[in-house]
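Let me give you the structure first, and then I'll get to my questions.
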């Protein structure tokens, strides 16, 4: 059984047609798993639904605590890309003995042209086979938490 | 560097709007990798573009030979789901020392609602971390070639 | 109030993921009207769900009879493109005093890249303003039934 | 020949994946006409690319002047929905002898689930058959400029 924690990020942004703005509603994770015809045994829980630029230390503590306490030893976290590396570092400090893979998207899933489904397939696969540790799965690649940064000009995660 | 061999299958079916039928054109692989914003170093080669129900022993020999001779030790093969298990068995008999992951789709990528992007993200991830062997990555899961069958009623790959 | 009669055609083809073939299920019309946020007052009825190449004289009689008997004087018919002109001719012979617009699609709606939504918006608009008569609305244009043919090589409807 | 003037609005909003915000790039009109397999003879010109809430009197003057001076007597204008009625009123005051249809979208075309293609098919159809005047085509319906308002709570255009 794999635990999926949802924290928001571009992954789950939607378009509010009354306000004409991007917003957060319910997570698209269940719909994405259905579209991918996933038969991986997962349990999805939404911890928060925010832009990762607005994520506070208290929010990160909440994520860490949920990873410490949950029954599953393999965990996927959907997360905004801007501070994904920071949350990964917090998890590396606070959680041990679990395989944790963070992933996200550059384009909202609700847009037809999203990379989200590709990234979800990737994260769910890496989490099943990698040893305990904290990883970031983006762009089809997987990085350990302390060997990656987001290049803010290209939007691409790269090794450091 | 990962090698991707394209053999056709539902993955790459398109709709011929003049004839009103499903058909095969060029592979959608490059477009899918672009959509997924993949930065995995891959080399794509189309070996054939056929429905896997029409795949002959000669076709399978061609796939095996390409896997024997290619420079890369990690290989993804896109393949129709109906005889994917047969090709996996032929590869297990004929190729050693390489990590080979077969994947496919239940719905053509050209349909908006395809599972193809999810499966591609999954296969590309499994192939990077699994030891040498022949595997099938479908529905977010990964099976060794001799422990899987396609349930033809549900369309789901399951362990045997 | 506008009546919409559904007869099948490419418009409503879906992909049967178990059989790997195109097939007909329920009509997508209600979903399309929802997507288009249509507030036109319509009443949808499925008369048949077939490829128009398989449409018989009896099928055409059924369509004509339904147009003769329905309460609404403005009618849209979704129809396969291959014999749309034949059905239009049958309607012109058998129905008078009503504005009837036939439309269809070159690509199934269930494919992301369908022209169906454009054609539906077009047909629903023409039917509200044109005088009594039988018309074909395709490719953004509207033809009277006796001044149009489908060019089978290009797939485009053109004036004759 | 029909003239299409592009002014921006939700229709043409895209998602800037580096900034994580909605933005305007090039218009999607040519791509939408291609998707709809439109064979209507049109000439597309972008006048501005803005949110209609930011449209000034000077912007409206520019639109009016372009409609006065263009060679075509049938004109479609894509426009943000929030102030579409205001621009329609300015056009009614400033332009005569032409059929002008304004349209827009509640969801950006770049989102898979947009109403834009339906509305474009509708506007292009109404403009071909309606007499001279200024109209708004939204939700499959067509209103004269002085008989319509946007209900800001429901997002629906309704008769007044």
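Chains here go by letter, A, B, C and D, matching the order in which they are written, and residues are numbered from 1 within each.
Here, contacts are C-beta pairs under 8 Å (C-beta built on N, C-alpha and C of every residue); 3 or more make two chains touch, one makes a residue touch a chain.
Values in this document were obtained by computation on a predicted structure and should not be read as measured data.
> Mind listing the chains that sit against chain C and also against chain D?
none
> How many angstrom lie between the centres of chain A and chain B, each centre taken as the mean Cα position?
So the centroids are 26 Å from each other.
> So what's the Cα centroid distance for chain B and chain C, whole Å?
38
> If you average the CA atoms of chain B and of chain D, how many Å lie between those two points?
Each chain reduced to its C-alpha mean, chain B and chain D end up 44 Å apart.
> Among all residues of chain C, which ones touch two or more of the remaining chains?
In chain C, residues 106, 112-113, 155 touch at least two other chains, as defined above.
> Can the chain contact pattern be summarised as a line, a ring, a star, a complete graph, or none of these (other)?
Shape of the chain contacts: a ring, since each chain touches exactly two and the loop closes.
> Can you list the chain A residues touching chain D in their complex?
Residues 10, 15, 17-18, 20-22, 51, 80, 82, 106-108, 110-113, 152-155 of chain A touch chain D in their complex.
> Name, in rising order, each residue of chain C that touches chain D in their complex.
The contact residues of chain C facing chain D are 32-33, 35-40, 106, 112-115, 117-126, 128-130, 137, 139-142, 155-158.
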